[in-house]
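In what follows, structures are represented as structure tokens.
Below are two complexes that have subunit A in common, paired first with subunit B and then with subunit C.
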Partner chain A sequence: MINLVYNEMLKIVRKKRLFIIAAIVAVLVSLFTYAQFKQIETIRERIGTTDWRTQLQQQIIDTQNRLNSTGISEEWKKFLKIRLQQQQYYLDNDINPMAPGAPTFMRMFIENSIELFLPLLVMVIAADLVSSEASGGTIKLLLTRPVKRWKVLMSKYIAMILSTSFIVFSVALLSYAISGIVFGYGGWNLPLLTGFSIQGEELNTTAVHLIPQWKYLLIEFGLAFFVSLVVGTLTFMLSVLIRSTAAVMGIMLAALISGAILSSMVSSWESAKYLFMVNLRLTSYISGMAPPIDGMTLSFSMTVLAIWALGALIVSFYVFTKRDVY
Partner chain B sequence: MSKRIIGMIVTICAATTVLWTIGLIVTIQDQFFYEASSIKQPKQTTGNTKKNDALSIVALGDSLTRGTGDETGKGYVGYVVDELKKQTNQHVQFTNLAIKGQRSAQLISQLKQKEVQRQLKEADIILMTIGGNDLFRGGEALRDLSTTQLEKEKEKFVQQLRTIFQLVRTVNNDAPVFYIALYNPFNDLDNGKETSAVVRSWNYAASEVAADYKSIICVPTYDLFELQVNDYLYTDKFHPNKEGYKRIGERVASLITLTKGEK
Partner chain C sequence: MEETLVVQDVRKTIGKKEIIKGLSFSLKKGEVFGFLGPNGAGKTTTIRMLVGLIRPTSGTISICGYDLQKQFTKAIQHIGCIVENPELYPYLSGWENLEHFARMVPEITAHRIQEVVELVGLQNRIHDLVRTYSLGMRQRLGIAQALLGKPTVLILDEPTNGLDPVGIREMRQFIRSLAEKEQLSVLVSSHLLSEIQLMCDRVAIMSKGQIIRIDTVEHLLQEQARTYWSVDPVDKAKQILQNETTVLGEKDGALVTMYESNETIARCNARLIEAGIYVSGIERKLPTLEDLFIELTGGETID
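Up next is the complex of A and B:
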């Protein structure tokens, strides 16, 4: 088994995709670092101070003003209201949620990439694991070996898991290393609040507690890994079902992008919460943002995602072991 | 590609898989099995660096201070800040705490917030507008000019204004406060005479309150909008436009130089 997995890893590494992905991450991280740096500078210029309390207070006032203007949608209003209460809570407790530093940047980066960017990267790896063997014809060579079919597929699946964690790791490492040049490498022990829960338009703070940033990051990257695994598993299933790698990528791409669009407009279509793509933003439960649909919680989203992944896994193994290969 | 590199990558992959799994376990333990007992006690780092040498301006109030109607988004405060930046080479720090549509009662509750008080305490100059929404209630008051109702509203406003000034003065006893008084956006309408009378009486009441406190200056704007009011109003016929704000800003800025000279 270990040899089979090693063999699969060899194939993945030979294709050099992992390095291309790392390069993409590096470029994007540099871009975002620069954007973030510029943003901080603009705020500083506008308010004329580096005091975070003043800046946060100004942000709260700006949000209040946006809330008072007519013509903003109900969903957006609710989102703003919850964020407002959260910012006020941070301010009242004298905690700076945005103290500059590489760990803070990592947090921001993973929160923004968990929904689309990271799944896309994983998809690039997972999409052709099986389908390329089918379209290239090498699948026959693979299956003529005296190994059970499920073992072959299992080795591919484990290789997918391993490369997924490599991708998440490269995001973590590169975002830390590159942003640290500008923002400094400190800030692991910065206290952060978590445990907010949202009830309608109100922010419930009864379970709120402080955790150091390193633990917060560990949680967020754990969740990012979970999301990537689910997306990877779904792509893996498609890769088993469809011979064409391009088609696999197309379908996954459509699903992921529709998820990003849907989450901003589904609040009135309640059963949409059972779709996997609107559940991908797991980190917003940790930071206490409003979920796309009322009643969604971390445990709910994780369960939905796990069921989708499990279903996909069963389908892949069933189809792969029963299918005629010619 | 050598075997060693691949071996290394596989090792990294395996190690990080373990790490992320730990992350997931921590998530479950932290998010689902947290007992809401130990309430957090953040380190109190308040009160640091009381005054820096920057000139700090804090603006409070409603949409006028926000700058609604000015397409550049500056509002009169923007012009005041610009003007002050020209006059001084001191670093100017400016915070706008105004909220659109705010009435005096809401301003009182805003003034009770800890962070707002901290900023007021550090302020060198305080600018404010309040009362426009109390009086005009979005145009409602125009239809109902019954004197008893308006008297009642005025009485309430005067009391709340007193509370506001009181709060500001308890937090910050030195900084000059410029209270920008009301103008009448409706004075070219048919009942312009009546509405103008009401605005004047509110302004008078407000300046009486201001007079009771040390260096709270009631800045009139009524006269600025008396002739050709529509030239200085935004398309909503209520808020000033860029020109209107410029006029208010110029007036306030000129007062600030004076008071600084007197010091």
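Up next is the complex of A and C:
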């Protein structure tokens, strides 16, 4: 089995996929670091001070202004109210939510990439794991060895898990290393609030408590890894079912993007919460953002994702071991 | 002689259509067995069933005594194959490709890889990327890959495809030597009839999912031998010959009859001379496998 996994990893590495992904991450992190840097500068200019309290107060005023303006939807209003409560809580408790530093940047980066960017990277690897063998014809050589079919597929699945780990790890490492050049490498022990829960329109703060940033990051990256594995498994299934890598990527891309769009407009379509793509923003539950549909919780989302992944895995193995190869 | 691959009443139905309608044949140790048939006759489907890529709807395939369905890994261990084109990983070198497949089979050493590389004569380019190989070199690498696990049965789908005339000749000699020296059973499918004729001991002719004939090449051709008569006048000669033997027709101004025996020829010749017919030539000809093939399959086209 180790030999088989070695084979699969060799193929992934020799296709230079992992290298390309690391390069994409490096470029994007640099881009966002610069954007973040610019944003902080603009805020500084506007407020004319670097004091974060005045910044936060300014933000609260901004939010209140938006709340009072007409022509915004009821849902958006609800979200803004919750946000306002949260910001007020930070101010009252003397906590700087935007404290710059590489770990803070990492946190923001992973929160924003968990839904689309990270799944996309995983998809690039997982999409052609099986389909490229089918379209290249090498599947015929692979399946005429004295190795059972499920073992061949298992080795590919393990290779997918290893690559996913590599991707999540390199996102963490690169976002820390690159943003640290600008923001400094400190801030691991910054206390952060977590434990927000949203009940109806109220932000429930009874369970809110402080944890150091490194712990917070560990939780978020853990969730990001889980999401990546689920997306990887779903892509893997499509890769087994479809010969064309481009088609696999197309379908997966459509699903992911529709998830991003749906999350912002499905609050009244309740059964949409069983779709995997609206459940990808797991980090929102930690930072206390409103879920797209009422009644969604962290454990609910994780269960939905786990069931989808399990289903995909069963389909993959069943089809791969039974199918006639032409 | 020992039988290495035994196929019994294998059928394959896809949807409602029966594509393979009950094949039975067996391969002996040290022989080259040819598989001949027009496009769509089911050659490739059959070969894919023999190597476990397609599950037969019914029937059994056993390799060295192991049932392919029930003891897959044990059975497939004795098979080396190329199905259709030798598709290998273009982004790896030839050597890495061989290493890749060697890792999937227990106990293949670097020494064995070196051995097969030398056997197919690729030692000079083996560390180059497969992307840079010519089709002939890929074909050789494909054979090297098939021989890696020391198989007893070698299955080659169109092994001379894309080779130049020198390459074809080399490949033919190579396949013959594998059968004769290493005592491998080799199953070769080809659309080049001349290839099969030169290379194979026995041949199976397939048409529409069935084997219509299995026999040794010599025997098949022998049976269909023809006698060509160059005579004048043709019409009168035809009448006389019809009394003595079967006249099949005319070709290039000569009458064609079945070849029965030398005595028949002598007797016919005597009759013709008695009747005052001018006989300028009598020739006994073996048909090509192509003639035979067209005759057996009722003129189905092959490319």
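We adopt the following convention: the second predicted complex is superposed on the first by the 326 of 326 C-alpha atoms of A that agree within 3 Å, B and C clash if a C-alpha of one lies under 4 Å from a C-alpha of the other, contacts with A are read in each partner's own complex, and residues count from 1 in each chain.
Quick note on the criterion: a residue touches a chain if its C-beta (ideal position, glycine included) is under 8 Å from a C-beta of that chain, and two chains touch if they have at least 3 such contacts.
As the structure is a prediction and not an experimental result, all values here were calculated from the model.
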| item | value |
| --- | --- |
| Fit or clash between subunit C and subunit B when superposed on subunit A | fit |
| Partner chain in contact with A:T194 - subunit B first, subunit C second, else both or neither | first |
| Touched partner set for A:F32, first subunit B, second subunit C, both or neither | neither |
| A:W308 touches, of subunit B and subunit C: first, second, both or neither? | neither |
| Chain touching more of subunit A, residue-wise (subunit B, subunit C) | B |
| Touching partner for A:G136 - first (subunit B), second (subunit C), both, neither | second |
| First (subunit B), second (subunit C), both or neither touched by A:F105 | neither |
| Vertex subunit A angle, Cα centres of subunit C and subunit B, expressed to the nearest 10 degrees | 160 |
| Touching partner for A:G222 - first (subunit B), second (subunit C), both, neither | first |
| Which superposed partner A:D324 touches (first subunit B, second subunit C, both, neither) | second |
| Which of subunit B and subunit C A:V13 touches, first, second, both or neither | first |
| Subunit B versus subunit C - smallest C-alpha distance in the overlay, whole Å | 10 |
| Set of subunit A residues, in rising order, touched by both subunit B and subunit C | 6, 10, 14 |
| Subunit A contact footprint on subunit B (complex, rising order) | 1, 5-6, 9-10, 12-14, 16-17, 19-27, 30-32, 34, 36, 38, 40, 42-46, 54, 66, 91-101, 114-116, 118-119 |
| Subunit C-touching residues of subunit A, taken from the complex the two chains share | 3-4, 6-7, 10-11, 14-15, 136-138, 140-148, 322, 324-326 |
| Contacting residues of subunit A [partner subunit B, same complex] | 6, 9-10, 13-14, 18, 47-49, 53-54, 56-58, 61, 64-65, 68-69, 91-95, 161-163, 165-166, 168-169, 191, 193-195, 206-211, 215, 218-226, 285-286, 298-299 |
| Residues of subunit C that touch subunit A when the two form their complex | 48, 51-55, 72-74, 76-77, 79, 81, 83-85, 87-92, 96, 100-101, 103-106, 145, 149 |
